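Data first, discussion second: the structure below is written as structure tokens.
Each chain carries a letter (A, B, C and D) given by its place in the written order, and its residues are counted from 1.
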Amino acid sequence: MRPHLHLWLIPILPLVGAAINGLLGRRFSHRVVTLVGNVFVGASCAWAWRVFAQFLSLPHQMVPYVHDYATWIRAGSFAASYGLYLDQLSMVMVLVVTSVGFLIHIYSIGYMAHEGGYYRFFSYLNLFMFFMLTLVLGNNYLAMFIGWEGVGLSSYLLIGFFFLRDSAASAGKKAFIVTRIGDFGFLIALFLLIKHFGSLDFGRLFPAISRLGVENAGPGLLTAIGLLLMTGAAGKSAQLPLYVWLPDAMEGPTPVSALIHAATMVTAGVYMVARSNVIFSRAPSAMLVVAIIGCLTALFAATIGMAQTDIKKVLAYSTISQLGYMFLACGVAAFSAGIFHLMTHAFFKGLLFLAAGSVIHSLDGEQDMRRMGGLRKHIPWTFWTMTAATFAIAGIPPFAGFFSKDEILWNAFASQHGSWIFWAVGVLTAFLTSFYMFRLWFLTFFGDFRGIEAGIGEHGYGHIHESPKVMLIPLAILAVLSVVGGWIGWPQMIGGTQRFEHFLSPVFAAHAEEAAVVGAKHSAEPLLAGISVLAALLGLFLALLLYWWRRDLPDKIAAALGGLYTAVRDKYYVDEGYDAAFVEPLIKGSTYILWRGIDAGAIDATANESAEGAEHVSDALRHMQSGNVRSYAGWVAAGAAVVIAYMVYLGVR
Amino acid sequence: MVPISYYLVLSAILFALGVVGFLIKRNLITLFMSIELMLNAVNLAFVAFAWQWKSLNGQVFVFFVMVVAAAEAAVGLAIIIAVFRTRETLNIDRVNLLKL
Amino acid sequence: MLELVLFFVFGTIAVGAAINLLAQRHPINSALSLIVVMASLAALFLLMGAEFLAAIQVIVYAGAIMVLFVFVIMLLNAGEEERTPGSRVAMLLGFPAVVLLAGLVAWTLLARNPHPVPVDLAGRFLGSPAAIAQLLFRDFLLPFEITSILILIAIMGAVVLASPAGTTTGSGSPDQPPARREE
Amino acid sequence: MLSITTFVIVTVIKIVIALVVLLTAVAYSTWLERKVVGHIQNRWGPQRVGPFGLLQPLCDGAKFILKEDLTPPYVDKPLYLAAPILSLVLALTSIALVPIGGWITVSGVHTPLEITDVNIGLLIILGITSLSVYGVALAGWSSNSKYSLLGSLRASAQMVSYEIALGLSLVGVLIMSGSLNLRGIVDAQGGHMAFWIPRWNIFRWPTQIVAFFVYLTAAFAETNRVPFDLPEAETELVAGYHTEYSSMKFAMFFMAEYANMITVASIATLLFLGGWHGPLFGPGWLQAILPVFWFVLKVFCFIFLYIWIRGTLPRFRYDQLMGFGWKVLFPIAVANVLATSLIVALQK
């Protein structure tokens, strides 16, 4: 018999929390809101772990564990159901989402304590959890799409959380619209799937697809679907060319940035690509596109990250580039590596954001690194946790980042879909990454405090305060995770058994052989790993040089580079370009053609004209109403006569 | 041996008379009577059909028609009384305020 | 043969009375002629074997509804209807119209039954009260109940309308009983 | 089956007999009334003409005929004439459906003791009685006098209202005997139950006693008798709807009233009192006569009850009348119907 895992509890619990807080929270006391906001997420997290325990003990013929609760839509042959789908992939995602989510919830208790709309915040956050879990657990693309849109919605709500700030509101709108462009592609992909396979159900779709051959002989249907899916993923996961919303999304509260725009939502695209591995593995050209986009994004965002001065912006761009890594992994069919990096990234990037949040919190909302410095002594907890995260992202062994990043780089080089170019770009990106991360590290925590003249902490350092425990505990936990989190993927070359990859292998078994690394290259693995570590250390050294020993150099270099530097600092003017290219024409066009022309000219005019016409006609007809009953009777009788005449006509005919 | 169409024609004639009565009479009460006449004509047709098809449903319908006629008469005559109270007349041509 | 004679006798009576209804200028005469029409229709019903309906026709229509009419005529002391220009127009328009209408209807009915089905009265009464009751209380139970509600509403409406403004209290207003006859 | 001719002949004979008997009965019920009321009021009543004034009715009849028949001006002639005729005709017609005994065979002709036997007799009688309103109404309206008009208004409202209670009080019996045919109803009451109680409907169940009294009251109202004789309340309306009528026309109303009384009485007998059922004994000819005798006896008792009540009870007020009819009698009748049908259903 099959054990009943009661998966539905996992998504439903946060929804309940959201409902309670959202509907009644206004009347609740601060304490109650906190309780409701966290208990449900905590419960869902606990249940997720319990499910994990049961899941490990499931006989593998029952994996994936699918459970249909009810029929949702039935239209002709097409049917979608309320169903949940649990396999290794979604298991990992669920664990990451619930655990990191829960930690960030706890963190927010402290961080948001003094903000208005406290209950609103938690209600939104729980809502996000619900949708994210729906996205991850749904047993068909439609459910996934619902979750997809739902997280978009809650991200919109949370980015615009301080909706009184104009920038926040517009940032929210920007995020919503830009991701929507990607969703468009996603939708079309779904339509294609329905049209050709008649179902969106993973259980029915993937076998059907895996019967098709690999489209080596030029692009075909699967390629199209793959590319469209990729568009959606690029929108959600902030890849080129749709990444522009993520930096602006930093307008939201820091926990939001940590949870949604670093740990979970933005990785939905990666999850989706990995989930669709069956499709991609049969569309090499689509995979190539994925890989190229991934690695371009990684490099591109990293370069921008170097010149940012806003601490959160730096982290945002680094998020983009790390996502680029993940796509690169997927692009070279190393899905498990991508997911692995997704997990570790969730740990250390979440940690980074939270720590940055703690820094900002300690400085009363100051985000500019040029006004920081020397905080090491004042906020030691934050400092140490941040250090762990920085080393992790920089990819210095034995921190978590190293293993996943090394995994990706190795696959990028060795996989039969990969090539040495991907690898080279990856390594370069790794160098840049470690450089700007350590730059941030040095600027923030070392040297002397530069915030006085900016009016922060007039009473000297005494004013700069460490964050409360409730914020530090999650930091500590995540720090531990970002140290040891990578060890479950300990590579073979140093006597590891890549447990993680093996755990995920059933999901990607469909093409395990394709991803299989050509044995001959194995000898190269230690060498490549060494090179990437070297790159990371180089980055560290450069940062040390520029921001510790020779503090004057950066400005000189910037001056020397001149235009190039400003270009980088101003993010290559991409936003301005988009404005000129799309936004302006759109506004103009809709103003002059759609509004003045079509709406006012055609539609409204039609309505008004017809209204007047009706008025005239009825004004004429109204004289039939003589008030004389017998005239009415006459009309009725005439009508009856006509009807009867028609009947006669029928009878005769 | 009476052909059914005779009954139908009879009911048609009665119905038409009811219609013309409604058209030419001026007394509210008489108008109501004309309506009753039409209803009766319809009843006759119903019974005739019931008879032709040897099925009782038609007669049951006549029963219902009678019920409705009774209700309608009660309410209608009450309305007539009310009208008479206010307008002091039963002439339909004088009860013609409902117009533009 | 006998049925044919009876049919023509009662049919003629009915038509004559109906014409008289139109011709008479005093409502009470019209009412009486309408009663005659109903009585002859009852006879025709009997001719077609609808004995229960015939009885009901007399009891309900002649005995209740028309009583109500006569009652109201007496109550309002309705006089002869006076001629108005409108009535002449109605005359001129109405009669041709009705002739046309009757012609149409009759022709339709005849056209629908090209070769008249001769029906013999020898057949048993198929409209016996028992048979009607079977239908009424089994197949048509719901409509039957609904009609009772309809009648209740009619009673209330009659009470409200007929009682002078403000005194819609008593159930004694004399124009209810006919409506209650169906109980 | 009889041949048409014999049928017609027999029917005509029966009609004649019935008319004669009925009219005599009417005449002598007037005599009876005057006698009884007289004794109730401690008078002698008619006694001059013939023994015990037995010839009084004849003299009254002669008087009616010989009186001047004047028609007041401004009356609606045709209706003024039609009204009394209508009431009398209707009153006499309903008798045609009343069986007064079983079947008899006279010179080879086997025929029931009634003019005609239809299987919805009761319904037809109800229909005819419901029509008898018109006589009153037209009389009052046509004779163009306020007394008459008021009287007839009252009469028609009262008759129509009480007709419902009347009909409903009979439904119980119909449910029990499952037939609308008077003969069938009577046959269902033959024999006797425990303790030699006859199986008359009135004795079947207590509900039927209630029904009987409801019928009784409603019948009084139907026939405009004391205590419900408001249409002809002398003190207020002179003589009600027949104020303007004289001589023979008045006599017609008079006869119609008593004929209605007799009809109502015989219906009560048929439906509640077991019709012509009664102890049979003696030789054949006696056995043939006895049922009719029992029937007549019961009817007589009923009429005596009429007169007795007239002699004892005062007259109602009009609102009391209507209120009683609608708020007391009608609910009781409905309740009776429910109870009876429940009992029948449970017995099944």
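For the reader, a short list of remarks on this structure follows.
FYI, a contact is a pair of C-beta atoms (placed from the backbone, for glycine too) under 8 Å apart; a residue touches a chain by one contact, two chains touch by 3 or more.
All of these numbers come straight from a predicted model, not from anything done at the bench.
Contact with both chain B and chain D is made by C. Across the two candidate interfaces, C-D and A-B, the one carrying more C-beta contacts is C-D.
Chain centres here are Cα means. That of chain C falls 28 Å from that of chain D.
With centres taken as mean Cα positions, chain C sits 78 Å from chain A.
Averaged C-alpha coordinates put the centre of chain A at 75 Å from the centre of chain B. Separating the CA-averaged centres of chain B and chain C is a span of 6 Å. Among the residues of chain D, none is in touch with two or more other chains.
Residues of chain A found to touch two or more other chains are 628, 630, 634, 637, 640.
For chain C, the set of residues touching two or more other chains reads 52, 56, 64, 73, 75, 86, 90, 93-94, 97, 101, 105, 108, 178, 181. Chain contact summary for the complex, chain A toward chain B: residues 622-623, 625-630, 633-634, 637, 640. Chain C contributes residues 1, 3-4, 7, 11, 14-15, 18-19, 21-22, 27, 30-31, 34, 37-38, 41, 44-45, 47-50, 52-53, 56-57, 60-61, 64-65, 68-69, 72-73, 75-76, 78, 81-84, 86-87, 90-91, 93-95, 97-99, 101-102, 105-106, 108-110, 113, 116-120, 126-127, 131-132, 135-136, 140, 143, 147, 150-151, 153-155, 157-162, 164, 175-176, 178-179, 181-182 to its touches with chain B in the complex.
Across the interface of their complex, chain C is touched by residues 79, 119-120, 123-124, 126-128, 130-131, 133-134, 137-138, 140-141, 149, 152-153, 156-157, 160-161, 163-164, 168, 180, 319, 322-323, 326-327, 334 of chain D. Taken in their complex, chain B has these residues touching chain C: 1-10, 12-21, 23-27, 29-30, 32-34, 36-37, 40, 43-44, 47-48, 50-52, 54, 56-57, 59-60, 62-64, 66-75, 77-82, 84-85, 90-91, 93. On chain C, the positions that touch chain D within their shared complex are 28, 32, 35, 51-52, 55-56, 58-59, 62-64, 67, 70-71, 73-75, 128-129, 171-172, 174, 177-178, 180-181, 183.
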